Structures are given as structure tokens and as C-alpha cells.
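Going by the order they are written in, the chains are A, B, C, D, E and F; count residues from 1 in each one.
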Amino acid sequence: MIANKLIVTASPHVKSVDSTPRIMWTVAASLVPVIAASAFFFGISALLVIFAATLGALLTERLLGRPLSLRDGSAMITGLLLGLCLPPGIPMWMAFLGGAFGIGFGKVIWGGLGQNGFNPALIGRAFLQTAFPVAITTWPKPGGNFFALKGDLFAFPFMHPVSDVVTSATPLGLFKFEKLPTPLLDLVLGTTGGSVGETSAIIIILCGVFLAWKGYLNWRSPVSIVVTVFLLGGLLHLINPAKAPDALFMVFSGGLMLGAVYMATDMVTVPTTNKGRWVFGIGTGVLVVVIRVYGGLPEGVMYAILIMNAFTPLINNFTQPAVFGTRTLKEAK
Amino acid sequence: MISNLAWIFFSTLLINNFTLAMFLGLCAFFGVTTKIDTGWRLGAANTFVLVMTAVSVWFLNRFVLAEAPYLRTIAFIVVIASLVQIVEMIIKKFLPVLFRELGIYLPLITTNCAILALALFQTTRKYNLIEGIVFALGAGLGLTLALTLMASIRERLDVADIPAMAKRMGLVLIIASCMSMAFMGFAGMGSG
Amino acid sequence: MIFQAILILGGTGLVFAIFIAVANKKFKVWEDPRIDVVAAMLPQANCGACGLPGCRAFAERAVEGTMEPAGCPVSNTDQIHSIAAFLGIEAGNAAKRVARLLCAGSTDVAKQRAEYRGLSTCAAATPVAGGGKGCAWGCLGLGDCAVSCDFDALHMSATGLPVVDVEKCTSCGDCVDACPKGLFVIQPLDHNLLVQCKNLVTGDSVLEACQVACTACGKCVLDAAEGLISVASGVAVIEYDLIADAEERAIERCPTGAIVWLQGAQFARLPALSSAEAA
Amino acid sequence: MSGHSHHGAPPEPAAPSEQQDQTPAEGSSSARLLFTLGFFGALAGSLLAFTYQKTLPAIQKFAGEKVEVAVMEVLGAPPKLDTLYLIGDKLSRTPPAGVIPGDAIKLFIGIDAKGERMGVAVEEVAPGFASDVRLMVGFNPSTGALTGFKVLSQTETPGLGDKIEKDTAFASRFTGKIALPLKGTKSVTTDPSTVQTITGATISSKAVIKVINKAVETWKPRLEAFEKEGGK
Amino acid sequence: MAFFGFAHGVHPPEEKELTSGLPIRRMPFPDELVLPLRQHAGKPATLCVKVGDKVERGDPIGLADGFMSVPIHASAAGTVTAIDWWPHPDGTMAQAVHIAVDKYAPQVPRPRLVPRWEGLTVDEVVKAVQSAGVVGLGGAAFPTHVKLAPPKDFTVHTLIVNGAECEPYLTSDHRTMVEYPERVHFGCRIMMHTLGVKKAVIGVEKNKPDAIAALERTKPKDLDITIMPLTVKYPQGAEKMLIQSVTGVEVPSGKLPVSVGVVVQNVGSLAAVAEVFDTGLPLIERIVTVTGHGLRRPANLIVPVGTKLKDLLTYCDGITADAAEVIIGGPMMGLSQANLEAPVIKGTTGVVVLASHETRGETVYPCIHCGRCLDACPVFLNPSWLGDLARVKRYDDMAEFHLADCMLCGSCSYVCPSNIPLSQLFQASKVMLRRAQQAGAA
Amino acid sequence: MTTEAAIAPAAAEPFVPGAPPPAPLRLDVWRGIADDNPVMIQMLGLCPTMAISNQVSNGLGMGAATIFVLVCSSFLISLLRKVIPAEVRLATYILIIATFVTIADLVMQAYSPVLSKTLGPFVPLIVVNCIILGRAEAFAGKVGPLRAVADAIGMGLGFLLALLIMCAFREVVGSGMFLGHPLFGPNYEPWVFMIMPPGGFLTMGLMFLAMGWWGERKKALLKKAVA
């Protein structure tokens, strides 16, 4: 009998087919349509920005992260998502820096995959927003020649971008500062100014549905975010239409869809419990509306998610599942 | 009036959070935030002392220090220190349960610069009594929020596999940086 | 103006002082300051090898005089003497005790029957078909004991056995608690005779699993002083009350080398794994 | 080791048996505690009073200068200044009692060589992007026309919101505007009741506009009331 | 039918089609049987034979040591050749009796060893069940007679029969219900009588329609027995989950089923009790499913207790070239075997031989806090957090998070995408915790 | 430090628990700058360090004021250490420190008003800077004036050093300037982040990371040397 080559393992001896790299790479692959859409609207600039951000993320993960950690695919997602939430005209050196910062301080220093408390892509983006507030709020107009650059993408590292590209405000900025509405169809299709990937809501929703169907993202936070924004936004709009835009505008504008589908679902930085995910989603939704309507900034998705990230361990703490039999044990006593 | 008080409260709580934006009370923020329970309790004790400070500082400014502004710093610190001592003794005597929960943090608070800073800000910003109390509440709850969040994140980190070089304090400061960045989302609140 | 300042500050100072004076009277507890000093002189390992819960407890007892300074196995002689000198008492003495391993089944002599996959700790591997090792009593070599040792006294050898550094071992007993197979014992360093095996299978069939196992052949029993060694339930057992009678002759006819004569370290031959290799 | 004996420290280890007897009450007497603290309090007080007296002129001179510079700037350097104090909701010529003079709320009236009123200057605040924006605002109380403003304090984002203080071009956009009330706009404008805001710092710019409007709105009636009641 | 059902759980591939259609066959006696004295939960049996003794089939070789123990009987006639330490399916070594089987001896003996059931008092039934060496055949091998004699301060109102067989691969209970439904009902009758209950429910997962049909067909008219189809879900067969599915009641944490008036018995145990009273022979053989993609000829076999795995697998034409792991029990909770000399014991429900592609990979990733394990855990623990705590050895905190309620079902490890061996961590942590508590008590 | 003190043949000398072991003055100074650096090693006085470290000029002013207070109060406390009863020790220290802080504040308001304005409340907040009270407790209250002053200077310089490192990093990266002088030409894109609050935390974090990295490296080298 061939006993020598037997292995012994602890039970269970079998395992479901899903693995962490498989989940990560599928999510990364699901971003391809979003990237394609952004290339359609913003031309080669979008691809260059995404490339630079991803390069920054991957290089940093490779240099500072654990050995072979590039294989799990999470750094790829971070880079792509960061690229997708930057304006298409931002100098590439800034996008690269954002990727490096996000992975370095948002992930590696925490111990790598699974340990970080804040969304690395958003940490990178928040850093860029704070460091270069002007560059990151310069929104080029979509459309035009595919190869025409949307800004000074090749600005010399550490130097000002100099460019004279036609800029346009984002729908949210237009509403907040000029009180100008944007047609809903433009929002849904994505033919508006804004970040590389936050424009086309419809494509992002489709990708999200696909991932939820595969079981790779938990639908609870995205759904609760969208519903909360819709309801609260609608309520405020009813109270004061001049200050708060209508609910559908709220839902389809800005980075809400990208944030809800891809960032509020990063299991590492949102609560592990399902109840906690509802709380996270509702909290994020409320913050988005509050920042957009009452805050100084036109957009609030990034900050809302980061703030809720900070609350994640606390939410986890308060939403631990009720262990089987503990309720009846209490009743018995 | 209400909107003025609301602005004072929220801007102190969120936008100019004493810990995350003004760098006050960092000793406790970094030193005593390893357990959620400790975090919020210290925050609660702090809030209490802050409110008391606001009240007594208003009285001092109004009735004692009007003629001797140069004694502000020294008078404030002495009053705060005595106040904390008195409160400690009173709580210990009459509310032993509360003392066990919060009282042990009181001595820590005396040397917390947030308290003295509150007294000074309140003076330079010429807040009246009510404004002062609201200001103190905002500051105290802001501290509590920061302490609790930091503690909860650090509790989670206790089980994480942090790189050796970040173990001592490095990562904790990076977390503070991230939190501070996140709270910048509140900027401009109330101005629009 | 100066007068006013004096009044204000002198007044607040006085109020302050009154409170402190009251507090001072009410709440202070006096404690022998030498306890802190002695505690500071102790290694602060808080290992419990002295039998007390931590170094400060030891310091209290030492100051009380109910514990000799030498009762701390972790401190070296110089440290013990300085504590004794500080307290003005005798240092006392204690026989050196160390941890001994009751298994010699390194990977080169003991068979691994199946490949174990899973958590790399002995505690986790033990319930998984005994870790897949041929001998169900033997050392798994996954090093729970080495991890548990706070004194850097335990290192895994290249052939998967923990080797005790008798110099550094403080006999704290952490390894005894850590080993799921119960393979460590704490013994005085000068006990020379040791059976390095716990396998209860008798006869030569045991050699299939491990070449250095005790076959319970009984030769050592014959060669040793009356009653010193016996074979009970499949393995040779030494009666340590009679250890004074032990002679090296007892091990000479052992066919497998399961019983050994120790002078100082166990497994003196095994090279410890260098830290680079271990990593 | 220092070699000095020390109060409150335990006695020397050579005599361990004696230490057991020492009780805290025998540490230091309460009278001594009171005396020490009272004494040091008094000493500190006198030292501070002394320093304060020595530095006061310089501090006041600077504080005065600072306000003066701001007032001069926003009013276009009037040869003569008149000061009114706010007590309750009324203006008065005499400073309120029980308040440090520097802390009183004032209104400055710039008077030109001919004795004509050139304008008034007041301090006012409003919430900005990060925190309060505090300005000295100069305006003509009869027309509401601005004579100028100066930022006294702000903590807006460096390089962005702080342009309201650092960017002289921004300040110059306000000359000749009339606050009835003033409005902000994104584009270049020649309308006297609108001002172009700073790109990327609309909120801070609007805060400035808000302060100015608030200054004119609150102080104009006060001054009118004061003058009606016959204060010159 | 099952309106309640339990929440969470997992759906591993069933793989039951390998053997679910194969009728039960009898395996011929091997040359040697090895009978460990420790085959059940509770105290091991005490030896009552010596080397050289001749034994008949059914003779006791080990006697019950107290109430929490059962005797062990020779499963074939032959000679005791040795009594020594022998590999046990649980991975340790155990004292075992070797019997060289006398294949030509008349293997069916003599007077009944177990009396007829009719007319026995409750106590006599319990005694007879104990003396027949019957233990739970569901896997834990808990002495059956103990569960038939609940303490007087509890009232039992329902007997629940566990026919869930939720482990992948295993079909021994399934075949028992299909081929011997009358025996199951007879066992049920005996147990209901002994427990004094009026009501019994047999829970069967819906993926065994033939078993449900067979049980319905043969249901005795005079007893209140319900056959309840259950959702196909692992671990439907776990005692507390089953009770919740059948009655909707959550057994309180840390309490036994009797505290809610329920006793759970496996269908195999029922059939065994019936058989014991039928034939008069004690429990000396059992139905074992031998299966897996690493085995040449899967089968459902009646196997004498004490048959070495080696002989069993050889009888099934041996294992394939890519066989990697031999498991006693099912793949979710069974035990890996390092030594194929280990024997089949009373609690052995099946032997599964996994091919190498089915085994768990070796790469473990960090926990990404995906929460899948929380959604899988049938007792609503937080395995992710418990795993984090276990890694840093915070066992006391684990106890606070209800480590004790973990039944090591392995659902969490099964779903974990990062391949973290969570249930192994919990098993080791339980050991550590117990050791720490003992050290604390000492 | 305490262990050494106790092991030293102490029996003959009067015993002050926790008193620092005798050391040359040079060492007393050096300790504060390097081995026991108040900010980098002891993590004291973090609030002022982070709050005002976005410009080098602020750091210089703050450092100077702190050194002044530290040296003066250490000197006075050391002189008076035999007079002050242990029970009111802390209260008296606070009084003394607050006095010097107010003096520093007043002087700064009078003669350097711009700096005084940017440092804002952080000058009076020197009172609660743990470094000063800490040194009074651990050192000045236990040794002679000369050593107390040496130690105060060391600690002060150590504080200044840490401040300057932070300030220089934040000012150079955050505004492209050093002491207000542009370094990289007009096209430099400053990282506003660095002069904002998160940048303060980050810079301090970087400092600790660098030290952590250095500590680990030293440990690794030591291990190698032993092996």
C-alpha cells in the first residue's frame, strides 16, 4: 500500500473553490469595462492617469510589501481604483505619488493585505486632495480627440502643471456654487465633467451586479448607501430645493456609484458583520448628503467612506452576532 | 444665536477637532488609547473637566483677572489643578462607582494641554458663558470621539501583523494622520 | 499692582495647599521603599520560576525576609549578591535545575509516516493523526516549546529537536506547559541518568518508527544499582530518589541509546540551527 | 549620586528597622505646606507683576500699532481717529467698566484734515472654510461704499483660502464696491455690488464678503442710532 | 414540511452519488482484527481476556467500567494473539486486543447474548443496551444507554432521529434507511418506549427521497412518528441544528438537548438497537461507507469492528495513484489517518479517500475580513475575530467570544477564501484554554 | 538607570530613590539630545511639536522659549529642592514653571509680536509641556543646580532638535521654502498636505518609523555579530 505519500490535515479536508486571489483578480477584471468607458469619454488621458496610479501602487507594494504579495491582486485594485477617482488631467507624477502613498501609508505599514483600517485607494486620493487641492479640482471637459491630452499630464515631477485645456465644473460643483442642474441622462451615461471613472453610473452598476451575483461583494453596504442618499437627499430637496438637489441627481452624480460599489465593499475596511455593513452604509449615505449639502466641498463620498472606515472597528464591536443558544440561555435564567 | 452656538459646537467637534486638527491632548491620545473602554471613559472625564473649566474660567475672567490679564496662564493652571483635585475627592467620597469608572483618569487630565488651551481660547475668542460651555462640550466630545476611534482601531491592531519598525509608535501616528485627513471632509461645514 | 498679584496668586496657592494637605492626610499609604528598589534590581522577567506571581511579589517576600535572594533562578550570581548586600542578608543558595527532553527522535532517526499540512505548531498538529509522526509519543519538532521560552534557552536543532542551553535555562517550566506531548521535565542539572523516550510499544517493532526508542529490553535494569531503574508499561523508568547510586555503566548495553549519561547539556552533539537557517 | 539628604525620602537603608515607625503624618506639617505654597504663589505673583509692568508699554504699543495700522489701511490713512465703544448694543464715548481696555469692542471713525468723516472701521467675523475669518472692515456709513478691508486672523488652507489675506489682487477687487449687500461671482465683473471670488477658494472669498456685509449691516444702524441720540 | 430550519451553514459538493445507489454488502472476515479498548466517549472498557484465549463471535473482551462505559465484544471467533499499543483512528496509540480470526469456526453462535425485548422493563432495556455495547453510530460514539436514561429532573417529550447525514460522501445512514426501514422503526419503538415519549420525528435531508419514501412506507400505524424532510445543508445533522430545524427551539448555549425535552439518536443507532434485540448479538459490526475519488471501488459495507483500514481498502480494490488523504468519517469533520494499520471502530461512519486535487491547498492568505465565515457559522460565532485572537494567543478573550460554543464543524474553514485553518485554530485554542484553566485551578 | 543606581555601592550614601546615577555634566547634556531625547525617545511634548512645526521660524521661537523656561525652572527647583516639602512638590513646580512661562510669553509679545501671534496659545501651553514637569520630577528635584541646568540644556536642545527636524521637513516639502526662502524655484508644486494637520502627524510618524527601522537594523546587526 502506498502509505508513504499520504498527507494528514485537520478537518475540514475540503474547501470551497473561492480564494482570495481569485476574488481580487475578478474584481480587478470587472473594472475593465469602467476603464473602457473612461477611455471613451476622456481619451488617452484617462488611461495614462490610471496607468500612473497603478504603477505607483504596484511598485510600492513590490518594494515595501511582503514577498509575492503582488500575486494576490489587491494592490492592482487599489491602483486602478485610485486612477479612476482622479481627474483625467492630473499630472502623472501626482497620480503615481498617490498610488505610492496609498499603498505605503494606507496598507503596507499596517501589515499588508487585510490589516489596514482605511481604504488605501482613498487614502492616496485624500492625500492628493490635501496636497494639491488645485490640481485635483481641475476638471477637463469630456469628449474631443482621443489622443488630445486633457491637461499637463507630463508635467515635470514636483512641478506645477501648466496647461490651457478647457475645463468644466462637475455636476455637483455646478449645483453647489452656481445652482445649475445637470440633465439626469448625462449623469447616467457619464457625459459630464468629473473623475476618470466616476462618470458612467450605469456601467458601474452593471459590474456591481455581476460581482454581487458571483458573491464577491457584499451587496448590503452599496444598497444601503444608495437608498440612504436617495431618501435623505430627497427629504432635504423637499425642504429646500435651492440648497439640496433632487434625489436622483444625488444618487447618480459624483463618485457615489464608484464609491458604493467598489469602495464601500472593500471587506478589509468595512465591518465584517452584515448588521455592521448596514450601519456602515447608512452612515456613509448620511455623511455623503451632509457634506454635499452643508459642507464646504461639493463632493463627499471619499471623506464619508474614510470617516466611516475610522468607525469600522467600533461598529464591529457593537454588531457582533448573537451566539446560538445565548438568547435562550438568558431566557432560561 | 442658535446658529452661532451650532457653529461653535460643530466646528470644534469636527472641523477644528482639538486632537485631530489642533494637536491638543495628544499625550492621552497616544498614551491611553489601547482599549475602547479606557478611551471613552477618559474622554468623558475630560469633557466633564472641560465644561467645569469653561465655567470657572469665565468667572475668573469676569471677576478676578480683569485687572491682571498677565496672571491668566498661572491662574488657569492653578485653578484647573485644584478643581481636578476637588472633583476627584468629591467623586471618591460620594460616587465611588463613578470614581472607579472615571476617577482614575482625573489626575491624567490636569497635565492635558487641551484643558489649558480651552481656557486660553475661550479668553482670546471672548466667548460668553453659554458660548464657553458649548465650546467646552464640543471640544470634550471631539476629544472623546478621537480617543474612542483611535482606541477601537488600536484594539483591532492588537491582532494584526504590523511590521516591526512601525510597532512602537510609527503606525499610531500614521493612523492619526489618516483620521485627521478623513475629518478634513467636514471642512467648510456651516459656511455654505 | 504687585500687591494685587501677590494677593491673587498667594491666595490661590493657599487654597491649593489646603487641598493637598487634606488629601495628604487622608489617602496616603506607606510602603517599604526598599521593595521598589529590590524589584528594580530583579530581571523583571515576571516568569514565575521562583514560584511567585511576578518579580514584585518576589521583592516583597525578599524584603520581608521570607525568600532568599537566590530563590530567583533568573538572576545571575552577581545580581543575587547585590540584592543580598542591599538588604544586608545572606544570598542563600539553590541547586541549578534545567529542562530535559524525554525524546531523542530527531528527523534523521525517527520516521515521519505522513506529511502533515496545517498550522505549524505542535499543539495544532498533535490532534491531526498525531502530527503524522511514526511514534505517537515523539517530538513533532514544530517548536512550541522554543517559542514559549522567554530566556532564549531553547533552540530547534537542524534535525528538529529542541536543544536546551543549560546556561540560559532558568527552569521556569514554560516549556513543560507548552509541549502538547508532555516531553519536558525539570530536573537538577546534576542528575546524570535520563531515559530519552516515552514510547510504550515494546520489542523491536518500535524501531520501525524510531531507531533510538526504548524497546524495554531491560538491560539497563540489570546493569544499574538495585531499584534505580525499572521497566514499567513498556519503557525504562529511573527512580530519582536513588540517583546518587547512578553509574555510567547502566547505559552501556542499551541497544538503541535510549538511555543516556548526561554531563551538562543534553544533545551535546546536535548543532543548534543558526538563526539565519531557522528563518 | 548627589550625596544630599532629601525631605520625604526614606531614611538610609542602614537603619531599616526605624523606617517602619515612620508614618505619613510625620512627613511635613500642614502649616509648612500652606506656607510653602502661599509663599511661592506670592513670589510668582510679584515676579509676574514686575515683568508685566516692564513689558506692558511694548505690548500695548504693538497692539495699538497693529490696530492702528489696520484702521489706517482700511480707512486710507486719516489724519485723525475717533473711537467709540460698544456697551450692550449702544455706542458710547467712554470705555465700559470692568473690561480690559484692549478687550472692548470699538468702532473707529476716520476724520480728514477738514474734520469731515472719511469712513468708519470695525472688526467683524464670520465662519470661513476652516475656522472664523476676522476682518477689519472700513466703509462709508452713509453710502455703504467700501474703503477697504484687512484680514486680522484666518486659518484657511495655505496656498488656497489664505489668498484672501496674501493675494493683494483679491483685496484690490473690493475697492469702490458698495455693500448693499455685496455679492460674489465667479467671473470678472464691473458691477459695484458684485465681486469676483478666488478660483478654488470660493468659500473663503464668500466668507470675506459675508463679513463685510455683516459689518455694514450691524454697524450702520448702530452708528445712526448713536448720531440720532446726539452723540457727535 | 420543515418550517423552521437553521440559519447559516454551507453547501459543500455532496459527492454522495458515488455510493448512494450501491446496496449494502458484507465484507468477509480479514485474517486479523484489532479491537481497541477505547472505542466510545466515556471510560474505556477494562480488559477481560489474555493472550492465547479462544473467543467466540460476540464474547466480551472488555467490560464496561461504570455507567459511562460499554463493553467491547469479539467481532469474530478466533484466538487472542496479542494485547499491545496499536494505532487508533484518533491519531494516538491505544491498548488493543488482536484476534487471529478462525475463518472456519462457525461464526454464528449459540444462545442469545441479548434478551428479547418484549416484556422488559425500562431499566432492563437500558441494561441490555449497555451490555450489548451499543454506542451512537452518528460519529461521536456516545454510549446510547446513557441517553436512554435521562436524569429524572428532566422530562423528555420528543425523540428526534438524526437521518440527516449531512457530511459529503457518506451514505451509510442513507442505505440503512432505504434497506432496513423496518429496523429503524423497530429501534424507534424500543427507544420511545424506554424514554417514555409519545412522539418521534425522523429528520432526513431532502436529497434522500428514496429513504423518505421507504420510511413512510413502513411507518408503524400505532406510533406517532413523523418523517420530516430537511433542507440540504451542512451541518444539518449537528444535534443543536437538527433540533432547531425540527422543533424551532434553540438549545441554550452550554446545555444538553434534554434541557429542552429532546433526545437525539442517529438512525444507525436505532437500527443497531433493533438488530441487537433481533439477533441477540451485541454490536460487533457496523455499516461503513468506503468511498472517495481516490478509491478504486467505492462501496457500502457491513464491516466487523476491528477490521484494519489496510484490509478494508484492499477489499475495495485499493487506492488510486493520485490518492492523497485517507479520512475516517466525512471530509468535513473526519480525521486524517497517517497509519492504515488503524482499525474500524464502532464510531466509524465511513472511510473517505480524497484524491490530491480535492485536498486543501497549502497557501494561506491573511484574513481579509470578508465575513464569509460569519455567514457560514451555524452557531453565529465570529470566526474571523476568533482566528485573529488565536493567532496572537489571546485565549481568554476567545473564551469571552464564546469559543466554547464552537462545535468544530469546519464550515468557517470551508468557506474561507484565504484558506485559514480556522477550526484547527479553535481546536488548538480549546486545548490551550483548558490547559491554562487547569494550571489556574492547580 | 535605577538598577545601576541601586547596585552601585549605595550603602554608604544617603539614598534618594530614583535619583539619576552620577555622571559628568557632558553626559547630562548629551543624554537629552540623543539617548533620552524628550520627543523622539520619551514621546513628551508632542502637542507643541506637531502644532507649530510647519515653519522653521516657529520651531526656533518655540525651542528658545522652552529652553528658557526649562533652564530657569530646573535651576530654581534644584536650588529649592531641600526647602519644598514632598507633598506640595508638584504644585510648587507648576507655580514656578507657570511663572517663567508667563515671563517668556510677555517678553515674546513685547519684542517679537509676529512670532508670538503665529505660536498663539502654544506659548502659554508650555506650562503643561510634560518635558518640563517631567524633568523637574525626575532630575531637577533630585540633583544639584549645575547638573540640573546641564540636563535642562540637554533636554531643551533635544526638543529643539526634534522640532527643527520636523519643521525643516514640513516647511521644505510643504511650501518649498526654508526659513521663508524659496528653494526650488517658482514652479515647485508645494505639498500643502505637509503643513496641514495630517502632515504633522505623518511627519512625526515618519520620524518614529525611521527610528524604528534603525532600531530593527541595529538589532539585526547585533544578532548577526553574535552568531
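Methods note: contacts are C-beta pairs under 8 Å (C-beta built on N, C-alpha and C of every residue); 3 or more make two chains touch, one makes a residue touch a chain.
The model shown is predicted, which means the values in this text are computed figures rather than measured ones.
*Asks:* Give me the chains shared as neighbours by chain D and chain E.
*Replies:* A, B, C
*Asks:* Count the smallest number of chain-to-chain hops linking chain A with chain D, moving only between touching chains.
*Replies:* 1
*Asks:* Treat each pair of touching chains as one step and give the shortest count from chain A to chain F.
*Replies:* Shortest path length, in steps: 1.
*Asks:* Of the other chains, whose C-alpha centre is the longest way from the centre of chain B?
*Replies:* The chain farthest from chain B, judged by C-alpha centres, is E.
*Asks:* Select the chain at the greatest separation from chain C, using centres from the mean of Cα atoms.
*Replies:* In terms of C-alpha centroids, the chain at the greatest distance from chain C is D.
*Asks:* Determine which of the two chain pairs, C-E or A-B, is joined by the larger number of C-beta pairs in contact.
*Replies:* Result: the pair with more contacts is A-B.
*Asks:* Averaging over Cα atoms per chain, report the distance between chain B and chain E in Å.
*Replies:* Here the centre of chain E sits 60 Å away from the centre of chain B.
*Asks:* So how far apart, in whole Å, are chain D and chain F when each is placed at the average of its C-alpha atoms?
*Replies:* Comparing mean C-alpha positions, chain F is 30 Å from chain D.
*Asks:* Per the centroid of Cα atoms for each chain, what is the distance between chain B and chain F, given in Å?
*Replies:* Computed value for the inter-centroid distance: 23 Å.
*Asks:* Measuring centre to centre with CA averages, how many angstrom lie between chain E and chain F?
*Replies:* 69
*Asks:* Which positions in chain B touch two or more other chains at once?
*Replies:* Those would be 67-68, 70-71, 74, 78, 81, 160-161, 166, 170-171, 174, 177-178, 181, 184, 187-188, 190-192.
*Asks:* Where in chain E do residues touch at least two different other chains?
*Replies:* Within chain E, the residues that touch at least two other chains are 91, 335-339, 359-360, 366, 385, 421, 424, 427.
*Asks:* If a residue has to touch 2 or more other chains to count, which residues of chain F qualify?
*Replies:* Expected reply: 10-11, 17, 87-88, 91, 95, 98-99, 102, 106, 192, 196, 198-199, 202, 209.
*Asks:* Which residues of chain C touch chain B once you look at their complex with the stated criterion?
*Replies:* Touch list, chain C to chain B: 1, 4-5, 8-9, 12-13, 15-16, 19-20, 22-23.
*Asks:* Given the complex with chain E, which residues does chain A contribute to the contact?
*Replies:* By the definition above, chain A touches chain E via 1-3, 5-16, 18-23, 72, 74, 111-115, 218, 267-268, 272-274, 277, 316, 320-329, 331-332.
*Asks:* What does chain B use to touch chain F in their complex?
*Replies:* 20-27, 30-31, 70-74, 77-78, 81, 111-113, 115-117, 120-121, 124, 164-174, 176-178, 180-181, 184
*Asks:* In the complex formed with chain E, which residues of chain B make contact?
*Replies:* Result: residues 158-161 of chain B touch chain E.
*Asks:* In their complex, what parts of chain C are in touch with chain A?
*Replies:* Listed in rising order, the residues of chain C that touch chain A are 113-119, 124, 127-129, 131-132.
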